[in-house]
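First, the structure itself, so that you have it in front of you.
Note that the chains take the letters A, B, C and D in the order they are written out, and that residue 1 is the start of every chain.
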């Protein structure tokens, strides 16, 4: 089995390594040639000097399979367009990044018109995937899904943690919801630990408590494992800024809930907590302070 | 009609003025003697040099009526206790402050044992009450409520805006819910205006829009009137700190919802938005940032 | 001044009446000819038998002005397209309905290419607009805005309650946010009144309390006026189903908050409360019940 | 090591079995004598016919240790009071139930006056604790905590999953927050799965997806393990009522957040989602429907 991977960053690079370790041939390309060289030399990846070169090094395969692992949006869009002239009917493009599922549906339909098969693959596991195996959920035709099965098996743990979940779009949809849930779980832990920390009279040791909960409690989870380990090093977090980034999938989940007309308050307020952390102006708070002053004569705190 | 008012601050002082203007005799006391002197000289209030003096100046009234207008909590609690020995059976204490209704129920029961009637009166209207009339919602026995009716009429606008809503406790309960609603309305406006401001491409004039909405729109309201007027002076709010205080009633409303087992998400998140504005540490955000780093290798923003 | 109105439903019909009453000539068309006849006979509207007929009856005007008051989405989209061949360069189409502002931006740009001016006008006031005047917030070029000013004045109360808020799109944007705030205010009242009702020991009279709050309280507002009036007739609401519809603007406001990355928790949970009311299946609740059973052996309530 | 357990229900009974299996002597009492007999005969527990009998069967121990595992509230309160006359100075009462931590603080202070040591032990693990080991977080004096350590070790998995977290009250406090987080996590999963289910065009298999996520994904957790297993049997859930019970700790967590002035939106809306599921009247929805009708003439759905 042989495939090309376009994009060898934090995710793509480790995926190439895991595939190579598990007997899959990988042709790799990235604009960062250092990444290409490093994985080639250490892990035996076939290096490519361009996308066209990568595709050409798949010639002779029954179907050429190109896995793109790039930032979602325009970069992924353009890469897919650029690939088409290099491929033959029946070849397969897999988008393993965090694309919006509606874009994947549109791309899949367009690629089908060109005779190219498309797989949208949600990929979870973060930086731990190399060691623990990734979690893969993908959409596409049955034929394409069957074709890439050996790749899925090589990327996951003991042949579990992968599935062909439905038609094109359903892979990224499932991953989007996964990330929405992730936001909710993270926020639940953050709020709970904040309340533990805030109970000053008990002077609780958050490293002790998170470690304790890992064994036998209802909230035991991988996120808790990582949190306990991090808090064991430092629980004051004095050097960390109170700022949390968010990425597309948390946002799209909330929009999906609006589209479906389904209440998803936890997923929503979890996202909005991140928005709050990013808001350095606090205009809404200023307005509230202004109103309190206007009706009640309450003092306004000034800067 | 004659009563004593204990506490002549922002609320109590203006209430005394309004009562005097409307033909009610007022004996007034405050630890701040300047407040006492000022209202006596300007508005004809009967000054008192102590609580005992104030009560003594009600002698001869069929029932002595003492209206206390003090910060809720211990100060109100102690004042009620101190009043009892000065009063006779059948006299009336009115707590016009923002006491927790459960405390009012307890105090009312205890006062009943001493033969003193108790009225818990929720008082809305802020600094505008002097001019516009207050809004009064009170709990107590029918007899006590009937007795204080002339006072209620003098404090309110054209004899409307007051009611005996139920037994002891129900006045402060109704006021608590009123304030809970107020939090929700304020937050609704703050969020909406924040989104108007955030739409930079339209460069909207928030003073124009809030003024416009006052006429014929569904959101027209007194809060909007005040907001429009304030924004007409300044809509950048650059000198105001993004900090919003909260007082007991917003909090108690949320606890009441928990006690009743009733979902009140708007009232709750409106309160919690204020908590956010008060949180200078952002520990929960730091935890989220830590977790993102732990599972995904995402960079942590440092201070 | 003369204009055509396409769409004479609950909103458009009353707007025609108000314009006619205030000296504006109105040509009216609706597929429901009864509506056309009724307004023509009673209020002196010039009846039209088709859109083309309506436009033709504007001939001779310096600029033909067509106000469409139709359901948003495809119906409005198609009407705008159909109007273009009937109009001349410099004529004006006003969309007074609840269109998504992004659609208005797109339509405005396309109409500009055809030489037609476009005004997107958010219209608030509901069924009370005929009597009280509407609230109008509109976007467009200065020239078009100036042209329609006499119409705006005739539709609003004492020449207030209208404004040209910015470029094309800004009118519907402002109306969208207005409705978002409206959702939040309504939900705040609904939650507060639910808690009053839930406090059975006080046996509160919600008609009395809402009436009371109208005078001097901080929450006084037009929504409260209407609520008090409705509750005066019936506060048990036993014949009303616990189901609340929602329309596009509440949803778009939440999506806008996501797009801006701005926390708008009150506007969001207010919308989601309606989603809950529409959800007859309760699948998420079933899942929770299932989980509680799975980890804790808690009994599952069965149907 | 020997202790008495009062209360042999779903939790207490299994805890007795696990202790016995791990070499701790247990005297057991329950008003349900069948439970007593069953565990005595099958697992070698020393049966007691009354609380007094249970305590008497601890005579000769250096310190008598009584673990009560009863419903929180009055039943636990009364049991603690009834135990005191049966114990000697230096003996230990452990409350392993879900008591409010403030009650535990009060009880601990009162017991200290009687010379009795008190341990408040939060106990997680549900019906799986017998097999997997429980998770124990307890508060108390260092001396008492040291004394019960062998019991903690016998109840937990491989000597992990237990800790003395702080003074009296801190055990139940930590468990309360644990349960708050649990509510948030459960709701996050419920919302996400609801959205997967709602995406009808993809016809997703929730059993497949939850099973898949167990391997390598960021949301892997024990709750997910149990959910996947349950959905493997049935994912339509047609026989389950959309009703979710809640218990004290979720509620107390929200009240704690209010007391601390800390925003905990996820924990709060997770609790309120359960309240919604319990609300068969929907009065707030009816009010919203009424208001929409009042201002906009929108039709009200009737029953």
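Definition applied: a residue touches a chain if its C-beta (ideal position, glycine included) is under 8 Å from a C-beta of that chain, and two chains touch if they have at least 3 such contacts.
All values derive from a computational prediction rather than experimental measurement.
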Other chains in touch with both subunit B and subunit C: A, D
Interface residue overlap between copies subunit C and subunit D, same or different (over half shared): same
Furthest chain, CA centroid comparison against subunit A: B
For the Cα fit of subunit B against subunit D, please give the angle of the superposing rotation, nearest 5 degrees. 180
Cα centroid separation, subunit A vs subunit C, in Å, comes to 39
Centroid of subunit A to centroid of subunit B, CA atoms only: how many Å? 48
Pull out every residue in subunit D that's touching 2 or more other chains. 126, 187, 189, 191, 194, 198, 218, 222-223, 257, 262-265, 269, 272-273, 276, 284, 295-296
Sort the chain contact graph into one of these: line, ring, star, complete or other. complete
Inside the complex, what are the residues of subunit C that reach subunit A? 218, 246, 251, 254-255, 257-258, 261-265, 268-269, 271-273, 275-276, 278-279, 284, 295-296
Considering only the defined contacts, which subunit B positions touch subunit C in the complex? 124-126, 129, 132-135, 137, 139, 156-158, 160-163, 165-167, 169-170, 173-174, 177-185, 187-189, 191-192, 194-196, 198-199, 202-205, 208-209, 211-224, 253, 256-257, 260, 262-267, 269-270, 272-273
Applying the document's contact rule, which stretches of subunit C touch subunit D when the two form their complex? 10, 126-128, 186-187, 189-191, 193-194, 197-198, 222-223, 226-227, 229-231, 237-245, 265, 269, 273-274, 276-277, 281-298, 300-303
